[in-house]
Structure formats: C-alpha cells, structure tokens
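Below are two complexes that have subunit A in common, paired first with subunit B and then with subunit C.
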Partner chain A sequence: MADISLSEAEKRYIVDGVKLGIRVDGRERLDYRQLEIETGLVSTANGSARVRLGCTDVLITVKMEMEPPPPQQPNDGQIHFFVNCSANAAPEFEGRGGEDLATSLSAMLDRLYSSPLSLDTSRLCVVPGKHVKVLYVDVEILECGGNLFDTVSLGVKAALWATRMPRIYITGEDGGELEFMVSDNPQEVDRVDVSNAPILITHLRITENLTVIDPTPEEECCGPVQVVVGVTPKGLITTTQQLGAGTFAPQTLSASLKSAQELGVKIHHQLMQRLLQEESIPNRKTKGFL
Partner chain B sequence: MEVISPEGLRQDGRTALCLRDISCRLGLYERPNGSAYIEMGNTKVLAAVYGPREVRSLSKQNLDECVIQCEMSRIAACQGERVRRPRDQRTRALSLQIAGVFHAAIRKTKYPGSQIDIYVQVLQADGGVTSACINASTLALVHAGVELVDYVVSCTASINKSMPLLDVTQQESASGCEVTVSILPNKGSVVSLDCAHTLHLDHLDEVVDLAMKGCQQVYKAMSQEVETYLQDKHAIMSHR
Partner chain C sequence: MGLVERKLKVFYRKTKKGNIIKVVREHYLRNDVWCGYEGCRECECEKPILDMPDISDSTLVPEPHFIMIDTNVALHQIDVLCDDSITNVIVPQTVVGEVRHRSLPIYKRLRDLIETSSKKFYVFTNEHHNECYVEREAEESANDRNDRAIRVACWWYKQHLRLCNQKIILLTNDYANRDKVRVMELEAYTTKEYVSSLKNRPGLLDIVASGEEDKGEDTITQRCLYAPHWSMDKIRQSLKTGKLRQGCLKTSRNNFLEANVLVEGLDKSVLIQGRLNINRALNDDTVAVELLPEDQWCRPANVIIDQEKQEEENKDKEEADEDAIKKEDDLLAAGQGEGELQPTGRVVGIIRRKWRQYCGIIKKNEITESIIKSRGELSYEQAQQRIDDPNMQDDLTNSLRNLNMLAKQLKKKRIDAGALVLASMEVKFHVDPDTDTVVDIVAKQHLETMSMVEEFMLLANVTSAECTLKHFPDCALLRRHPAPPHSNFESLLVAAKSQNIELDVSSNKTLAESLNNVTRDNNPFFNSMLRIMTTRCMMQALYFCSGTLEPTEYADIIVHRLLAVIIEADRTYPDLLNPKKLADLSQHINYRHKMAQYAGRGSAVITAIQLTLYLDKREKKKEKKNPTKGAEPMEVDKIHAPEFEFNEKELFVKCGSVIIRPFDHLKIQVTVDTSDVQHQRVVSKLIEPIIPGFSVPSLKRESSEPKETTSKKRKK
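Right after this comes the complex of A and B.
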C-alpha cells in the first residue's frame, strides 16, 4: 500500500522483534495504536466522523438521499460506499493511482454491510416500492499510515451512529404522486441502528505462525499476507478476506479468526462506550482539524 | 433574500468590508513534507506538499529548475448537494491555476531537476474556495521549508448594487460576481486575478483594490500563525 522500501536488515529487525513478542514501537502483538474518533465535524453531511489510528487518518461522511428503489428490493433502503484515496495521503495516489486501493476498500465495506443483520435496511423505507432512503457513505483517506481497513470500518460505524436524518412526513397525494414534508425541527430526527454494525480486524502474518494486529506501514512491508475479518458486536463473523501474496497455515488462520472475534467484541464495547460519552457532552465544540 | 440588509449587515452578520474569521494550522501530518489546514469562515481546505523530490516521469524533468504540480480534490460532502466525483474538469482547471500561481512564488532555480507536488483537499466549500486553496498551499509550503520569494495570499471580493463586498460566501457570489486576487504581500504585486460571473468594467478597480486590502489582512493572520508555530517549535526567539 504505502511506498516504503525497507532494507533486509530492517525487515529482520522487525520480524525477530515480533518473534520475541515486542514490536518496533513497543506494542505487543495484539495491541492497537492510539485511536482518536470525533463525530459531527462536517455540518453539510447528515453524519460524519474522523478517525485517527496512529498515522492513519480517515474522514467519513454520510449523506441521505431519497430515491426510487430497484425493482428486486422494493421495501429496503440502500447503503452505498465510495472510497476516495486522496493524493495527500500518499503521492502515489495522484490521479488514478489510488483507484485499486479505493475499489478494494469499498468492495470490502459492501460485503461487510451486505448482511441484513448488520444493518436493518427495511427501516430506511419511506414508501414501499416508490421511495426509499439511500445512505451514501463517502470515505476520504487523508493519511495512509497502515491498517486502513480497520480504521475505515471504525469510522463508518461512528459516522452511521452520528447520522441524523430529518424525519419525513407524507402530507398528501397529488395526482398519484405523494407529497413529502421534511421536518425542520432539529429534534425530530431519525437515526441509524448500529447495534449490529460490524467492524474489520486485520491480522498480518509476519513470520511462520505469528500474526500482528494493526500493522504499521513498515510491518506491512515485511509481512507477505494478511487476513481481514469482519466481526459484529456479538462476536459473529460476517466476512473474511485474505489479501496479499502469501499463504496461511490452517492453524494460524483459525487462531487469527478466533482472536479477531474476541478482540472485535472488546473493541465494539469500547467504541460504543466512547461514542455515548461523546454524545453526552453538552454543547460540544468540534475540534476538527485545528 | 437580500445580500445586504438595510442596516448594512450581510447574511452572516458581517459588514460589507469585513473579512471572515480565519483559523489555520501548520503541520497536521507526518508523511507529507509539509501540511496545513485553513478555515476561512465555512470554507475548509487541507493542503499537503511532497517535495522537493525526484521527478517521477523523466519526460517532465527540467534540469534548470523544479517542476511544480498541483492536484485539487473535493470531498463528497463539501457542498449541500453530494458531489459525485472528487476530481473533475473544474478541479483540474483550478489545479492548473494554483500550480501557475506558485510558479511565481517558489524559487524554482534552487531545486533543479526536482519536483514539488501540492495536493489540496477541499473539505467544505462556501465561497472563496480558490483563495483558501492558495492560502493553504502557501502555509503547507512554508511548513515544508520550500524556499519562497514571498507568501502568496489570496482573497475574494465582489460588488452588490454598487456596494463593494469583501470575502464573499457562496450565496453572495451566486447573486453577483466573485473576483479572486492573489498577491505577494510584501512586494505588493498581483500574481493572479480571476473573475467569476459578470462584473462591469467601471467597478473593476474598486473591487480589485478591496480584494488586495483583504489579502493584506489575511497575510497578517497567516504570518501570525506561522510565527506561533515556529515559537512552539523553538525555531525563533520567543522574546521577539
């Protein structure tokens, strides 16, 4: 992902360190870097969140639009993911350079939220068959510092949690077409139920049977292969994908899946705790980028 | 909706010649050589500079001076309507304009055979987008330590029913015009002048003069922030 070249000596240093149970920045194998989340930065969007995990910085915005549903799913709303790797994240993303990474990220997010249990899209329906709410989730990668999948999924969950959609009332019918009234009252909002929204956990295999969580760009250079696991708050796995040119031994793979499950449950719990804490602060001023 | 109320106040409560609040910050990110963020009212722009570094395509290399490239993009939620494509023809045109502005300001002969990349990200657009992009790029270049002849400072101005307005928002420029002026503040010379929508020739001088005055005010705010940043990093004496 990142354009970092490491010498053989540096790679050995990292690998041997992991074998001894300590990583370059002092973390243990299954430790995350410092995580900062802030919601509600972008006032022009229905919901937004900014997540910083170490050197990785992503900005997620959610906008709601009303559209006619596709004929095969007339009673469900939709959620679409778009990822944009901006050039200030890494110079190789200039022009169309970041498209491959963007496509794989948005495909992963689509799969993550494809299950009806993750996000109840039937609640996004306004008039069955005619009008549904479509959530456009736009992910902007601002700085690429390793472990994009996890950061983006945490951000998406936080942004969906922070999404406030004005309530829509059907006021009448005018010649077959329904008329809507969008509520102006800031208290009358609909929210998205994220109690089952999953997050992604990345395990990078550094050496024979050892994996690390939340790899830095240098570690990503050393490890040949990684597995990305989508975990719900209840510990169910919604999606897995193996990325990279390498192999996993079956025992290592199942151990990674199991530890991802345990970690996922813990992280969900912490995340919701923090989000509720953030919401309870009265008259909160968004710090934003300043 | 009137642009100026009978009491002389605009939609956001400012007077006609009042600049919007400016907040800026240098050095947000570690990977780029220079990074900066600026907020001019509700217009929020992030800029990152990579360089001077090796030229990526040898065909573009110039052995006498450096090559300057700029890419501007917008996030989907930067305006009320969702923006479908982050980069399109309009942003490409603006990118070329911004790169052109910095050709005059960067001491290109100091970096022969290299490339300086400026990447600008518009997070929220509410009028004066090009100005904010240029200002953010200047700060990012300062943070990167690229040699500049002078700061490049930019501001917008407009005219409404013979009343000149400084630093217009999206709504105000939609009903009138938007003149963007970029200057080198210490030298007082104009680097770029751009006008959107129609402006009568009789009013041109007035509006450009107002924009230049606005630029000087923006320069004060930006240089203040740079001084604070350098003081925090102990790069300059704090008793100055």
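Right after this comes the complex of A and C.
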C-alpha cells in the first residue's frame, strides 16, 4: 500500500474517531466509498471495465484466445490473471517497486477463481482435448488510493460480465478432426456466467477489536493487519487471506467474517443491478476517461 | 463540412493459426458526399459526372431518369451495362466492394466503365454518407445488410433529386429486393423488364443474361444432396481401424440404382442401394464402404431399372431433386426380392477412379470443358465404306452421314467466301513388317471422310481464334497464311501463260475460280499439277500475337490457356496477357518451326531415295524374268554436251529442233546414284523426247511405263 508518513497525533485522531463510530471522511465503520463502474471502454478487448472507488482507479480487460488444453485437464478452459501496478499509480511503484503488490494481487485472484463453483471452466471448452477458450484478464492499477483488493475484484467481475465471445460452431468431421468455425455475425455472441463470481472484502483492524471496511491509505497506516475475504453472491466464503504483520483476536476475526458475508451479498446485488441497468441503455456512448 | 460521426465496425475472424481475433475498425461518416449530378444546386460537387438527357428511351419510365444498379446486376449483366445506350448510372460503393470481392474480371470491367467518361457511371460513396449508413441488425445476414444499404441509398437519391425534379430507378434481378423497394415507394425493375422497354435497342434484349432470379444463398446449400466424400486421411485411418472396407464397385447389370462391392474378408459382396448411397461412384471404381447396422440390411431388388429409360420418362417433368430421389427409393423398395438379407452399406469415399472417357455437359457457353465419349475407332476407309453402304443404318453410321452432310455445307460456305483448294500428290508406302522393306506404293486417295474431318478441325480452329480474339483483343495468339506478294506468283503465271492459261491472282476467291476453270481433255492430271504449282507460291503459316501483329506450337498451349481463362476454368498468369511476351514467343515458335521444316525436307529426300531404290528393285526383278531384255544403260557422253537454249519470257527450253515447255509430256529415267555412300542422290535422266547426246535410251521395252512428272524449268 501507499507509503504515507503519519504523525502519532494523526494516527490517534483517526483511531479515536473510529472508536466513536466516525471516520475521518465521515463514513461509518462498515461503509464503502463512492463506487463508479463503467464497462466496454476498450473496444478491441472481448470485455473491459473501469472501477473507481474513491481515489483508487483500476482498468480491467479480458481477452479470449483459443488454445490446446494441458493434458491433465483436457475438458476445461482456463482463466489467467495478470496485474500491473503502473508507475503512475503511486510513487513507490516506480521501476519494479510495484511487483510484489502485483504478484500478491494476481495470486489472490487466482485463488478466488480457482473453484469451479466460481467460474465454470468446462463451459469454456470447445473441442475436448484440442481447443479450449482461455481468458486472459489484465488488471492495470491506474491510481492507488487504498483498498486495492476490493476494487480489483469488483472490476474483474464487471469485466467478465461485459465479455462477449463470438459463437463457435463445430464444423463436420474433416479427416477425423473436429474443426471450429467462428460466426461472422457480431450479434451472435456467448457470454461468461458470472452469477457465482466472488468479490473480495477487506477488513482492516484499526484498533483492538474494531475493523473498518474499505480503508483509506491514511487508515491503512494506522492499523497493522488486514484480512481479505472472498465472498460469493450467495454469501459463501471462498477464501481468506491475511495481509500485514499482526494479530486478530478470535472474536474480531469471526465478526469480520460474518460482516463480510452480509456485506458481500448486498454488494453483489447492487453491482448486478447497476450492470444490468447500464446494459439496458440503447446506443450507450462510453464516458471513458473524461 | 466533413466528419460527422465515428462508428466502430466490430467483427470476429479466425486466423490461419486457429486463433480468434476481434477486429475493430473505425468508420467515419461524412456530410460532404455529393450526389454527382451536374444540375444539383444542393451539392457542391467539383466534378459532377451525371447529366440528364432530355428524353427517356424507355416506355416503362417515360421521364428521363438515372439508374442505380445492385450487386447482382453488376455481376451478371455487365454486358448490358457495357452497351452504349446505357449511361447515367449510379453505382453504390457497396456494389463496387462486393463485385471486387466476388469476381476480379468483372470488377476490372466495371472499373473500366467507370473510368470511361462517356458512359457517365458515378460511384456513390454511400457507406460513408451519414444519411445512408446502415448497420447490420440482428438476424440479418451480410448480404441482406448490403441489399438494405443499396435500397437506402436509392431512397436517399429519390429524396435528394426531388429538389431538382429528377428521377431515379433501381435495377435489380432479385424479385424479393424489387418488391421491398416498391414498398418504399421507389421504382425498381429487373434488367429484363427495363431492357425490353427500351425503344431504340431491340438487340440489347439478347445480351441480357438469362436468369435465374436470385433466390438467395440457400439453394446452394440445398443442392448438396450427396453426402460429401471423406478426406483420404480419414478414409485411410478408418480402413486401418476397420470402420470402413475397401473394394471394387460393380453396378448391377439390370438395375442402375444398385451396386455391389467385393470386399476382402467377407464372403458376400456388400450391397449398395439407392443413388445417395452409391454417392457418385461409378462402375469399377475402388471405393470405401461403411457397413450399415444389421437392421438396415436389404435384399437385392429384382426389378429392372434402366437409367436411360428413367431419364426418358422423367425428362419433361421438372421435379425437385429430393422428389426424384424419393421416387427412385420407392422403385427400389417396391422391387425388393425374396432372397436373403445381404450386408448393406454406403459409399463414403472413392479411393481411385477407373479412368474412362465420358461425355461432358454442354453448357450454354460458346466454349466449355468437356470429355469425349469415344464410340469407337474407324479408319477413313472404314468410315467411308459405312457411309456408302446403304444397308448400314445403325446410329453410328447415320450420325456419320449427318456429320458428312454438315461438313459439306461448311465447305461450301468456305468456298463461297473464297477459300482455296490446293491439291497435293501423296504416295503411301506399304511396308512389309517382317523385312522392313517397301512392298508396294499407292497414290493416296482422297475420301469424303477426310474432308469431313478436315472441315471440323477447321471449324474448331476458327472458333477458338474468334473466341480468344473476342475476349483478349490485344493478346490472342493467332495463326494465318499471309497473302503472298505478287512476285511469288510470277513463275506460276508465266508457266500458265505458256500453256495459254490466264490466272487471276488478285484475291483468293478469284484464284480459286480461275483454277476451277482450267482443264485439259488429254491430261486428267493437268488441273492437279497446276494446283500443286500454286501451292508452292503460298506463304508459310505464321503465328502472331493479335496485339502486336508480329508473327511468332506451343501456340496451341497458349490458345488453350486463353480459352480456359475465358470459361473461367483457369486463372491467367501475367505473361499470358502480355503482348510483347507473346510476340517473342511467336518468334521463337516460328524459328523452331523452320528448323523442323528443314529436317522434314531432308527426310523427304531420303524418302525419294527409298522410292527410287524400290522402283529399281522392281525392274531388276522383272529383268530377271526376261533376261533377254536386259540392256545396259548408255553412258551419257558428257564431253559432247548439246547446246540448250532457255527462253525466260516464253518459258521453254530448246535444243536443236526439240522444244520442251512446262506441262509437256516427258519420259524420264530415275535412278539412285550410290557412288558416294554418304551422300546418295536421286538422278533423273531424260528419255523422251529424244535429244541426241543428252537423252538416254529406255531400259524397258514393254509393259510398265515410267512415272510421268511435270518438267521443271532447267536452267543450263
């Protein structure tokens, strides 16, 4: 996370505020900042999304490729994540400074989507053993303003929702080999099923038994440890990860997990609502980066 | 002024590697695409192309109007568009793009029309016109979208031209398209309708390509009735695994819808029933067969189904292919025999075809690719005998007679146009195959059948030449006998004059007539001899390229390639259409031809030697029978050679009291001088008229006369 130097007084101010139930920017303990999402920005990609959560800005693109599957899993497609912390996002990302963060982010995403319940990769199979669809998800951190994990996971879900893949027809047996053909009608597309795609919720333990959701960089300086929870739309926890050096008291941890579940369900619901609303706009012109 | 909007054209494409890429292209719309009409006040076109004539040629559309064409009209009716009476045509950009995609030669012709300023063809850039841009909708095919774009463009023109009181019609051959256009309150006509309505061009209706009106692309897929053959790889693999069997297909003798395949390892042959299962395999082909499951095995039919008879019965009924197949299947099912069930299968591929010659289909083209169905082989004599024999009335002989009659008519046409008939004396050797010696010589008779073959060969050559010249006016490879210069004829004319004959050599027709009128009662060979002399005056045939008019066997190959391009059986390569290259080629051909001719003449000398040797031997044989007759040839006394006088003007040779003129009768003695083994020569010596000191006495006193021949000018 961003390296900000805070004085002890500032830290105390933040922490005391949380104890009283008010955060520096006026939010409550479990409130998110304003979230903006737009899909379909990058027309050359199969799917794309841009997410702004407060000052955090990320751009996600999804590209589909046809590849032969690995011998161990001949009937499944694959999904690969690649994160890049742009040097524009924070001064410490200059050069190879952002690599560690990028690696941990992509590892988290891999774990998040590793279960077949999150994303059914068997539907990405075209010709078993010969051709499968591989989704390459590229994450670009444009601006780092705290709480990267949540933002990125929301963006990935939105981008997968926006992904359009051309319909593929298996043409007849040609010398024993099944060949595929791409429909040239741009309206004939297949989509990815994101109904079970999970998102991440980050809890920061700011003081003894209090955690805050969606911490700002200043708040992140105050607390030593975070727990990142992966939650499905149905409220199931798929993964947890601890960030930072620190401890969690058992009650605090279980309380965090519980609240993450509840929050997760709500967020999923709202996210899908907004995405559907966006899709229903006819001839939508993307706002882009303006 | 300028850009109005940016659209994105997005589509997916499969690359050669097998990857799928998403292609996104920017497409800009403008508001400064003009209509191209000179009299339009709204547009600011710098160089308007379209102008409006004062009157309309068409009875269907009484007011003067512009024509907009759709893609199929451009593709199929390009000849109509090339006609001079069709001008002021608007070609939408969509059409130009589609034509380029579908047919390069037609695209070239269309572009030529557009470049020709007198034709006034204007390309309307409808794809970039912000009011005419059309996006493909869901459930719409690419072709439908293009048709819609053309309709919208036409509609736009109608609105636009209303402001200056002009009219536009759409020309389309697709009835569905035409009806949709009429719904939009536009006028649309098929090419046929429109051309029929033109007052001043009755002949143009012939050029309208007969149509199949467009039913869309569905019929093409529908027509694939037969299951596609499997690829060779697949067949090989399946044969290995045992899924398929290989064998020789034998069509049933009495039932063309049934066949049997003899497969190794099975005692019974595999039965194949029905046209679809036989899948275009023919008798004696090596086929790959897939056995059907046992519950689909059949019994061989015991009806006689004759293919030709079936075609006879059905030729007048126009039924869909599927119905025809169903009828055949019913016939088969009705004729199911009582025998045992036979293993049944279907043909999935043909491993090797039995090579045979078959007749092709005659297309409506003037030329086409086809294969000859050989009915048999006849020599000229055999064919002539058949024609002459009134008892022979079979199909083959009657068709020969028809051909003969046609040939005679063709010949008459040629002669009336001035063709020359030049005779050539040919002898034929009969060689004993065992001893390889000459046993007899006969003069080659000229039979009617020879003329017949000659006429059709000429017809083929003339047709090819006309066809290639029509399609490739500047690079067809042609062959002709150039007209001989007058100097060539001088010797002939003088020789003829010496016999009081006047020949008119001003044209081939006059020469032909003059030759026909020359006869000598006492000399039946005279006319032939004169014709032979005329042949000597002619120029050799030369190959030349029509583009450069330079003269240039290999020629045949070039002509074949040009013809193949015409019927689109083959593509051109750049050198084929390059007049300079063809001219060089012709020169090369002519050089080789000349060298070959010299070789031929050399061999003719050898033949003459052979002939003389033969005659000599024959005489020696006779002498053996009559030993008393043997007389030594007198040695010519060369020292006391008599004086010969040669009169060039009147063309005679005089020696003493003897005058020899061309065409006079002579007796000569022909021998072979074998003194120089490496260079044997034919020596001819005069016997009669007797010139003392020059002529030699005859070796023979009775029977066989020596051969007569014309005397050639001999300059001493």
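By definition in this document, the second predicted complex is superposed on the first by the 282 of 290 C-alpha atoms of A that agree within 3 Å, B and C clash if a C-alpha of one lies under 4 Å from a C-alpha of the other, contacts with A are read in each partner's own complex, and residues count from 1 in each chain.
Methods note: contacts are C-beta pairs under 8 Å (C-beta built on N, C-alpha and C of every residue); 3 or more make two chains touch, one makes a residue touch a chain.
Computed from a predicted model, the values in this text were never measured in an experiment.
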Touched partner set for A:Asn84, first subunit B, second subunit C, both or neither: first
Subunit A residues touched - subunit C or subunit B, whichever exceeds: B
First, second, both or neither for A:Val182, with subunit B first and subunit C second: second
Subunit B versus subunit C as contact partner of A:Val225, first or second or both or neither: neither
First (subunit B), second (subunit C), both or neither touched by A:Glu65: both
Which superposed partner A:Thr44 touches (first subunit B, second subunit C, both, neither): both
Partner chain in contact with A:Glu94 - subunit B first, subunit C second, else both or neither: first
Partner chain in contact with A:Asp138 - subunit B first, subunit C second, else both or neither: first
On subunit A, positions contacted by subunit B and by subunit C: 43-45, 65
Parts of subunit A lying in touch with subunit C, wherever the complex brings them together: 43-46, 64-66, 131, 166, 168, 172-176, 180-187
Residues on subunit B engaged by subunit A in the complex (per definition of touch): 23, 25, 28-32, 35, 37, 39, 42, 44, 46-48, 50, 71, 73, 75-80, 82, 86, 117, 119-121, 123-124
Touching residues on subunit A, where the partner in the complex is subunit B: 42-45, 48, 55, 57, 59, 61, 63, 65, 82, 84, 86-91, 94-95, 136, 138, 140, 142-145, 288-290
Subunit A contact footprint on subunit C (complex, rising order): 8, 10-14, 18-20, 22, 24, 136-139, 141-142, 228, 230-234, 237-238
